[in-house]
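Okay, structure first, notes after.
Order of writing sets the labels: A, B, C, D and E. Residues in every chain begin at 1.
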Amino acid sequence: MEKKPGNHLIYVQSLLSQENMPKVGIVDTTFSRINMGKIAIDELKKGSSIQIERYTVPGVKDLPVACKILIEEKGCDIVMALGMPGSQPIDKMCAHEASQGIIQAQLMTNIHIIEVFVHEDEGKDETELAWLMERRTREHARNVIKLLFNKEQLQREAGTGQRQGFADVGAIR
Amino acid sequence: MEKKPGNHLIYVQSLLSQENMPKVGIVDTTFSRINMGKIAIDELKKGSSIQIERYTVPGVKDLPVACKILIEEKGCDIVMALGMPGSQPIDKMCAHEASQGIIQAQLMTNIHIIEVFVHEDEGKDETELAWLMERRTREHARNVIKLLFNKEQLQREAGTGQRQGFADVGAIR
Amino acid sequence: MEKKPGNHLIYVQSLLSQENMPKVGIVDTTFSRINMGKIAIDELKKGSSIQIERYTVPGVKDLPVACKILIEEKGCDIVMALGMPGSQPIDKMCAHEASQGIIQAQLMTNIHIIEVFVHEDEGKDETELAWLMERRTREHARNVIKLLFNKEQLQREAGTGQRQGFADVGAIR
Amino acid sequence: MEKKPGNHLIYVQSLLSQENMPKVGIVDTTFSRINMGKIAIDELKKGSSIQIERYTVPGVKDLPVACKILIEEKGCDIVMALGMPGSQPIDKMCAHEASQGIIQAQLMTNIHIIEVFVHEDEGKDETELAWLMERRTREHARNVIKLLFNKEQLQREAGTGQRQGFADVGAIR
Amino acid sequence: MEKKPGNHLIYVQSLLSQENMPKVGIVDTTFSRINMGKIAIDELKKGSSIQIERYTVPGVKDLPVACKILIEEKGCDIVMALGMPGSQPIDKMCAHEASQGIIQAQLMTNIHIIEVFVHEDEGKDETELAWLMERRTREHARNVIKLLFNKEQLQREAGTGQRQGFADVGAIR
C-alpha cells in the first residue's frame, strides 16, 4: 500500500480538456429523506476533474430507466443510483425490483451503475440514518473515482472486507 | 422553493401545436375498483397541453405489454401504469411480476413508465382505499407533468421525503 | 352500459375473409386436470370469426416459449396461456417463473398473452376447482375477444372490480 | 386413445438421413448424484432416430448458458436440462435462478428446453430419490419425443393430469 | 477414472502461442474478506497455459457487468465471478440479484461465467470460512480448466455428486 498513485493521477487529469473529461451520472429520488445527489456531487468534485449529469426521479423504481437514459442519451461513463427504500415489506420489494433493473441496465450498456441504497430501517434513529446515508454515499463516490481513474487501487483492496457506511470488517487473514 | 416556474411553463406550452404536444399513455385495469385512468386524465389536463392515449386491460399483469405498445406503436412520451393489486399473497406476487415487467419495458424503450399501484389492503376500509387511490394517482400525474415539462422542480424536491397518497414524511435535515 | 356494440361488431367481422381473420393462439398443458384449451376454444368460437392455433405442452414452465413460437412462427395476434399450477411451494415457484416468462414474451413481441392460471388449491374441492377453471377460462376468453374487437368495452369496464372466475367485487363508488 | 400413431412415426423417421435427423441436446451436472444424462440418452434412443449432443457442467446455474450454446452453436432442435438441486434454502434459490435462466434461454431462441429437476429432498430416502430421478428423466424424455415427432399426442393428453416421476393424478372429469 | 488425460493436455497446450492461449477473466470484490481473485489465479496457473484478465469491483452486485465487460471488451473465453455475500437477509437478496445478473450475462454472450459465492455464514467461524473460500475457489478454478481443455472429464464426473468446498457427497448408485 506504500505506492502513492496520486501524483500520476493528477498529471493525467490535467491533460484532460472539459469535453473529454469523464461524465458521471447522478440519479436520486424525491422519496429519499436526504439529498443524496448533492452529497455525491460534493464528494466526486473533491480533486477529480469530471463532468456531472444529474437527474432526480420520484422513487427507486424510476432509477433504472433514468440511469439508462443518462448512459445512452447523455453519454455518462458511469452512473450512481441513489435511493432510500422505506422500511415496509412493500418497500423492500420495490428496492429488489429496482436493483434487478439497475443490474439489467448495466448489462444492456456495459457501463457500471453504482447502486447506493440505504434502507430507512438501517439506522436506529434519524440521526444515525442521516449519518449512514451521507457516509455510504461518499464512500461509494470514491469507488466511482477509483473505477474511472484508478482500478489498480480497487485490486489492491480485493478481499479486504471493505464496507460503505458502517466500519470496514477487514480481511480474515 | 419561492421561485415559481409556472409562467415560463405556460409560455412554452403555448408554442406547442397539437401535433407536437407531448403524448401521455394511460393504462389501467378492469380489476381495479376505482376508475384510476379517469382520475389520472383529469389531473393531467389541469393546465397542461398534452395528448392522452388510453388503454384499459384486464389486470396488472397485462400492464407491461400495454405500456410498451403505447410507447412503440402510439408514440407516447411517458406512460402511467395504474393498478390496484388485491390483498392475497397471490395478488402480491402478480404485482411483483407486473412491476418487474414495467421496469423491463422502460429499459427496452428508454421511456419512463410511472407505476401507480395501490394495494387493496393499504386502506383500512373502502373509503380510505378510494381516497388513497385518487390521491396517489393525482400526485403521480403531477410527477408526470414535472418529468415532461419541469425536471428542475423534481431536482429541487430531491431528498425531501415526498410520498404519493399519504402525507409526505419530509427531509431529515 | 346501455350502448350495444354487438351489431357493429358483427358487421365488421362479416367483412373479414378467412385469411385475415385474427388468429388466437391457445397454449395449455398435460399437467392440468381439466382440458382448459378445449374450453377456451369453445368460448372463443361463440359468435366470433377467428382462427385458432392450439399447442399443448407438458407444464406451465413450457408455456412462455410455446406462446412466443405461436406469435412469431404462427402469426398469432393474441395468445391465451392456460395452466393449473399445483398446490405445493415448488409449484407456486414454477408458476411465478412461468408468469415472468409470459410477461417477457409479451415485451419481446408487443403481443398480449392472457395468462389464465388456476392454482390447484383455489377450489375447496375438485368440483369447485373444475367449476372455477372452466369459468375463469371462459371469462378470460371473452377478454381476448374484447382486446381483439372491442377495446372500448374494456375501457367502459375500467375500475369496475371485474374478476375472472369468482364473482366480480364491483367498483367502490 | 385407441389410435396408434407408431407406424406413421416409424415411416416418417425412415425417410430421415443422419444429417437431417433432429438433434437433442442433453445438459447435466457433476453435482447430481445420479447420471441423469445417461438415463435421458438411453430413453431417447428407444425407437427414435435422433442425434444426441451432450454437455456436462458443474451445477444447475451453469445449465442455462450450456443449453443456449447447444442450441445456437450445435444446432440442437430441443434440449433437456437435467439437474438435482440440493435440499438447503440456498439450493432452492439456485434452482429458481437456473429455472429463470432456462426460460429466458428459450425465449431468446424459440426452442424448447425441457427442465428436469429433482430436488434432493423429494425422495424420502436415497432409494426413492434414485427411482424418482430415473423415472422423471425417462418420462420427460418421452415428452421430448412427442414435441419432436408427435405434438398431436400431447394435445390428446391436454388436461389429463400427467405427472413426471410420481403417479399421474388424472383428469377431474 | 484411471485414464490420465494429462499428457495429452500438456501436448495440446504446448502448441499454443501466447496470443491464442485461452483468456480467463477473474472478477472479485473489495467486500470479500479473502483475496479470492489471487487464489483463483494461483490455481489456474498450475500447469495450464492461459492468460488472465483481472477486475476488482466493490461488491457482488457489480460483478455481472464486470464479467460482461471482460467478455465483450477484453475477449475472455470464460470468467470466474468471485464473491462473499454477507450474512444478513439484505445480503442474501443482493447475492440473488447478482446471480440473476450473472446468468443473464452468460445468456447475452454464450460464454460461461463460473460463479463462486461463499456466504459469510457458511463457515462456523472465521477459520472455517477462510478454508472454505479458498477450497471452493480452487475447486471451481479446476472446473474452469476442464471447461476450457477437458470437457470429457466433466462428462465422466456427471452424476457423481461433486461439491466445491465441503466434501463430495458422491453418487447414489
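Please note the rule applied: a contact is a pair of C-beta atoms (placed from the backbone, for glycine too) under 8 Å apart; a residue touches a chain by one contact, two chains touch by 3 or more.
The shown structure was predicted, so the numbers you read here are calculated from the model rather than taken from an experiment.
**Student:** State which chains count as neighbours of subunit D and simultaneously of subunit E.
**Tutor:** none
**Student:** State, to the nearest whole Å, the distance from the C-alpha centre of subunit C to the C-alpha centre of subunit D.
**Tutor:** 27
**Student:** Based only on mean CA positions, could you tell me how far subunit A sits from subunit C in angstrom?
**Tutor:** Between these chains, centre-to-centre, one finds 44 Å.
**Student:** Which subunit C residues sit where two or more other chains touch them?
**Tutor:** 100, 104 - these are the residues of subunit C that touch more than one other chain.
**Student:** When you draw the chains as points and link the ones that touch, which shape shows up: line, ring, star, complete, or other?
**Tutor:** Graph shape here is a ring: one loop, exactly two partners per chain.
**Student:** Output the circular ordering of the chains, read from subunit B in the direction of subunit C.
**Tutor:** With subunit B as the starting chain and subunit C following, the sequence is B, C, D, E, A.
**Student:** Provide the residue numbers of subunit E that touch subunit D in the complex, in ascending order.
**Tutor:** 92, 96, 99-100, 102-104, 106-107, 110-115, 119, 140, 143, 147, 151, 154-155, 157-164, 169-173
**Student:** In the complex of these two chains, what residues of subunit B are touching subunit C?
**Tutor:** Checking each residue of subunit B against subunit C gives 28-38, 54-58, 61-62, 64-66, 68-69, 72-73, 90, 93-94, 97-98, 100-101, 104-105, 108, 126, 129-130.
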